[in-house]
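So, here come the structures, one by one.
Both complexes shown next keep chain A, but they swap its partner, so chain B is in the first and chain C is in the second.
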Partner chain A sequence: MTSSISTRGARIPGGWSRLLREQPVVPISALLIVIVVIYALVRPGVVNADWAGVILRAAVPLAILAGCQTLTMLTGGIDLSVCAVASMAGFMVASLLHGPGFEIGIAVALTAAALAGLLTGIGVGIFRVHPLIMSLGVSFVVLGLANAWQILTVQSSTGVPPVLRTIGSERLGELLPYSLVVFIPLTALILIGLRRTGFGRMLFAIGDNPTAARLSGARSWQVLITLYVLSALMAALAGLLLSGLTNVASVTLADSLVLPSVAAAVIGGTSIFGGRGGFGGTIVGALILTVISALLTALGFPEAVRQILFGSIIVVVAAAYTRVTSVS
Partner chain B sequence: MTLRTQLLLEATDVAKTYGAVVALRSASLAVRPGEVHALMGANGAGKSTLVKILTGAVRPDSGRIVVGGRERMAHSPAEARRGGVVSVYQEPALIPDLDVRSNLRLTKTPEESFRHWLAELGIENLDFSELARVLPLATLRIIDLARALAIEPDVLMLDEMTAALPANLTERVLAVVDGHRGADRSVIFISHRMIEIAAVCDRATVLREGTTVGVVDMTDGAEERIVELMIGDVAEAVPPRTARRDAGAARPPEATPRLTARSLSAKHKLRDVSFELHRGEVLGVVALEGQGQDELFEILSGSERPDGGEMLLDGAPVTFHHPADAIRAGVVYVAADRADALLMQRSITENIALPLTSRIRQWGWINLVAERTRVDAAVEALQIDARAGGEVRQLSGGNQQKVTIARWVAGGVQTMLCFDPTRGIDIRTKSQIYLLLRDLADAGAAVLFYTSELKEIQLVCDRTIVIFGGRVVAEIDAADSDEPTLLRAAYDLPSDAPADTVTDVAVAGPTTRERST
Partner chain C sequence: MSAVAGPIVDTRGRPVVDALVAWARRNGWTLSLIALLAVLLAFTKVINPSYGAPGIQGLAISVLPLALAAVAQAVCVIGGGIDLSIGSMMALTSVVAASQMKDQSEEFGVAVILAVLILGLIIGAVNGAVIVITRVPDIVVTLAMSFVWAGAALLVLKTPAGGSAQWLKDLVLGPAGFDWIPKAAVVLIVVVAVIWIPLRRSTVGLSIYAIGSDRLAAFRSGVAVGPTKVIAYATTGLFAALAGISLTASTGIGNPVPGPYTLMSVAAVVLGGVSLAGGRGGVFGPMIGVLILVLIQNDMAFLSLDPNLALVSQGLILIGVVMFGSLIQWRRSRR
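For the complex of A and B:
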């Protein structure tokens, strides 16, 4: 073959689509503002600092669960076990409150979560089970074990510990939710971790091209096991906040959040195929979903409308991302 | 007599481009009824593309194809098949999860006739209820061939049919091919084994750079003529000799080689490869497609483990279980396919710095300043043009290839394995890569360099080993590594032998060497 071959790089569009591709946080934030403005127009006088505090408080557990999806999706995976793990953690702490106590409860809950994550990680990283299947399987196992635990410990009340109620639902000066005390450091850790640590780089690398990562000396099982353990620990944290927020400790508490958590990550610009995305967009995605939910509730729309709207948003946003990120 | 003059298959001025890459410029092929016709050409000459066009798998941009006197353009392999053109490809075409009988039914193969050809090809007692996936490769190839023969095609195309076969089966296949000719049936035969070509073919069409450059009658001395045609005008390809050759020659002889391969073997492809790679030299590897070079590089880079033989690093035996082991030992690998090596959606920096964070102990905080310095130095050394944008996929092919090399240069190279690093990139980048490889060697690195472009050997290498059929068949010094010598060696023809000696060996059919494999 002659040498006159010039392989041109991929054509990359400019303008808005370039922005959506390279800095999805900006257009997504614009979308959030538009939705908030609509809210303000439809329900005049409601949108104020107090309202913002309530929205924020409601969005925190969802944002953390969506963070689990973001990290796993960066490697081309997904973690459907997060909600079972979150519910299990909340329930465990509540059930251990009378007796062993709060601290022991937290330790047991986090250990159980880490074990669940380890199981998922081993399945995905070593036995090469697809993350979707593996995490779905683990979520059933976790739910089953939580149910068994519930039957074994048929004890009195499963009250949510006061500390969790304070952190999960109360607000500083009736404004800033205390859950931010947990959420802000966690966010900083994830954002910086993705950008400035070797582990963060490996998540992107494995998601972008597992062969290249392998040829460069990465052992993906190490990355994946660590990742799924971290994801389960974050899920447990979200579960604790959620039980504090709702003042409920049940083994199915977070079940309804599994699909919204994926949706928030997708809306935030994280590719389900891996290698592209970040936590910043995911937070905005979680806020968008929370505000829309609140709006529909305020307008008295039935649950079905919310589901249809969520579904439509995911499809439209995913199509838009695919359009701007695919190589022409 | 009219049948004799009419061609069975005629392709005229067939052209095909893939994007900017010209696969076929102007290929022509005329197959007479009753002949076995060889299709020859060096790597990348366009053989495969022409075969795909003839069998309807690929549509040509222009050109005329006439089969049995009627112009015809097949749109699918099934259509070509109905038109009497059947091909047996290099890879087995059976569905692994179906048994043999179901596979036959899929292609509506007459079982009676299939059994006949199977016996003819030397396979007895084949259990038709066996799943295709459990059968050995050689048997699958024979089934493919018998299946093609059973439907009695006018033109049978065999693409590297004998590559995966043991010697006894090869003989049976050649005998069947030999007997299949005659009447108005023809065979188009593609093989890297010149001896087989000489033994069964009547004529050969030679392709070079997408163009038919000649048709040779397979008489005495035809092999030499074919090699000449494949190489083309040798005078234009004389490389500029520079002073660096002297520098290479002045290298003091070293007691312990950096890398030693002893009788490496793997699967059926790699049979027995031994060589020594010293510090300060670029050792070339030349091989026709599929002679085991892919497997060799996979083993050396830690991606696969050998079935036999051993590797020594600085005289001590090593076993690589993972590319990470090789990298830690200072053996780095530049893959042929950039899609295997790059994070296309990530930045140049992340791509170059990738090996720096791959081990668990490197998962912590990244020192961005140190990383920047290192990446900048590598970008500088390779003159990577980073203006195109943030993501590596936006770079040109040449710059992408530089990034894959820069990744390792950034860390200081001890041993570099390069598998066809200049494939599909522009001439300027190519010469930069030649210089870089020389510089690395001069700085004391050991470089193993496989290339599909023979011209490059003389520009870059100090020595060259030639692999054929999974074995090292020749070692050629820099001074003698001109293209004709290399190509002759790649086809396992005796080098610099008088033409009549060559023919003696060739017409003898499968020689003792072939039999002993």
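For the complex of A and C:
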């Protein structure tokens, strides 16, 4: 929100802080390993391949939603509509299962998500509305429409399609979750897209310096519209996986993930002011949050203490990260 | 020469009118919002001819917590921040107030309310201090702190429970002497006037606007940026506590689960003409914004439409108004 008084560029950081700044994945992965070791120490014998599969399965939807935040945060934006869109997609597919069928349901859900993303993108890209407020407004619209749809279709039974249940919750050989079938190609696409394509570079450019990007000929409104449509489609995908994972289709399914999705991107080293970050760190960030939350549950803390610790840990990690990577 | 002299002579001739025009231009956004509110009220009267004093009463009571939350959000947004923990702070202060006041004497209730207000100041100041010390972006810190305060609220009360002192309920429920003036509205205006107007007129208030408008310039002009930010967030906490107390007063209990107040307060603030970039706007606009958002919800009920469509139209009005605003800004900047 604020333009911090930074002395960016005053001194070139050397050694550790440079590594942290340019390769956030390395220290973040170290942190993940530390937390897993702590988990193994307090709950001996629990941490094994099976456990890793369960954690991975739970982290995939969060990682995709955090991916939406990462991409939008690279341009200096944020997408608060991801969770409304995700829940809507999951619910839409489930509600259309017994009438039109699974394929039509998927098509309708993705189209609706793309329209929501288009609306956000037009607001942010053309009308230059603050992304926070634009995506918030769109999330109201999506949630309201999804609710109205829910009331219309209350008679027809809403069950999560078996295909989604398999992909979302089952694991190959009781080990590797099937959701990786969706997640790995998506990750590859995002990583390559950010590094190797003009679109990816444009995201960094717009976030780093919008004026410079415009003067060098970037049509930022086109980039932003594409970006928010993409973000909404990813959110819809995450919603489908989540409804498969939890075997629940509800219009508020993903609501509790909106804050963790932002937190995962921030912990993963993406700057909320834009221009710096990447999806690799975000995946690790999502894993860290999932493991922490599993650890707090395993330790048997009551919900209240869990929330307090969760929030505190996010602040501490973000603070440590900011301290180490800031140049001054 | 005459072209230059002309308007000056005119100004001397009609200073009042010109001052009025200048004032209207400065407050154009708020005035348009009031017009929109008036249209909505007229619309409400048309679709529901029996809408009258009781309707206004109900509106004022349902608006009170959200209006205070919007004022809370406005203060820190003006200071260049944003507080996503307002809903959680409201839940925490509300359950503390409700759990301590239950089955206690009326006098003890006064002490509880004072303590809760101080608690609000403290948790707000903690938010601000963490932001200043860690230099983590406001949005991330307050997001994380929203977990902390919501967890603390769950520690106090696991389920909605507690009670409220009778005087506190009497303070906000019912009309203030005259049927058309609800007590809740009077309380809102008095509370905001007593806290906000002196603050805004003081050096601290000016500093809050300064750090929101341009942090570096404020720093170079000798504003203590860190402490000012903490004060802004503490004020936000104080208003969030007031909002929490008003929840307890109007419902008679405390609910540990945060309501939709955080995001609604952001919406109301932006609707009210406060720039998310900071340094611009006031607290009056956001209060009108809240009235508009709530009145839409009521109208949907009167039209016996699906209440969820209220959410849709709130979102659309938010998007529409903000798009309109940025369009005006854009045209101005091109001139």
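Note that the second predicted complex is superposed on the first by the 308 of 328 C-alpha atoms of A that agree within 3 Å, B and C clash if a C-alpha of one lies under 4 Å from a C-alpha of the other, contacts with A are read in each partner's own complex, and residues count from 1 in each chain.
One rule holds for everything that comes next: contacts are C-beta pairs under 8 Å (C-beta built on N, C-alpha and C of every residue); 3 or more make two chains touch, one makes a residue touch a chain.
This structure is a prediction, so every number in the text was calculated from the model and none was measured.
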Which of chain B and chain C A:A318 touches, first, second, both or neither: second
Partner chain in contact with A:G275 - chain B first, chain C second, else both or neither: first
Which of chain B and chain C A:E22 touches, first, second, both or neither: first
Touched partner set for A:R219, first chain B, second chain C, both or neither: first
Partner contacting more residues of chain A (chain B vs chain C): C
Partner chain(s) touched by A:R201 [first = chain B, second = chain C, both, neither]: first
Touched partner set for A:P210, first chain B, second chain C, both or neither: neither
Set of chain A residues, in rising order, touched by both chain B and chain C: 1-5
Contact set on chain A toward chain B in their complex: 1-10, 12, 22, 196-199, 201-202, 204-205, 208-209, 211-219, 222, 275-276, 325, 327
Of all residues in chain A, those that touch chain C in their complex: 1-5, 78, 80, 119, 123, 127-130, 132-134, 136-145, 147-148, 151, 259, 262-263, 266, 272-273, 302-312, 314-315, 318-319, 322-323, 326
In the complex with chain A, residue positions of chain B that touch it: 19-22, 44, 209, 301, 303, 322-324, 327-328, 333, 335, 339-346, 350, 353-360, 362-366, 368, 388-391, 393-398, 400, 407, 424-427, 430, 453
Chain C to chain A touching residues, read off their complex: 80-82, 84, 130, 133-141, 143-148, 150-155, 158, 215-216, 219, 225, 263, 266-267, 270, 276-278, 306, 308-316, 318-319, 322-323, 326-327, 330
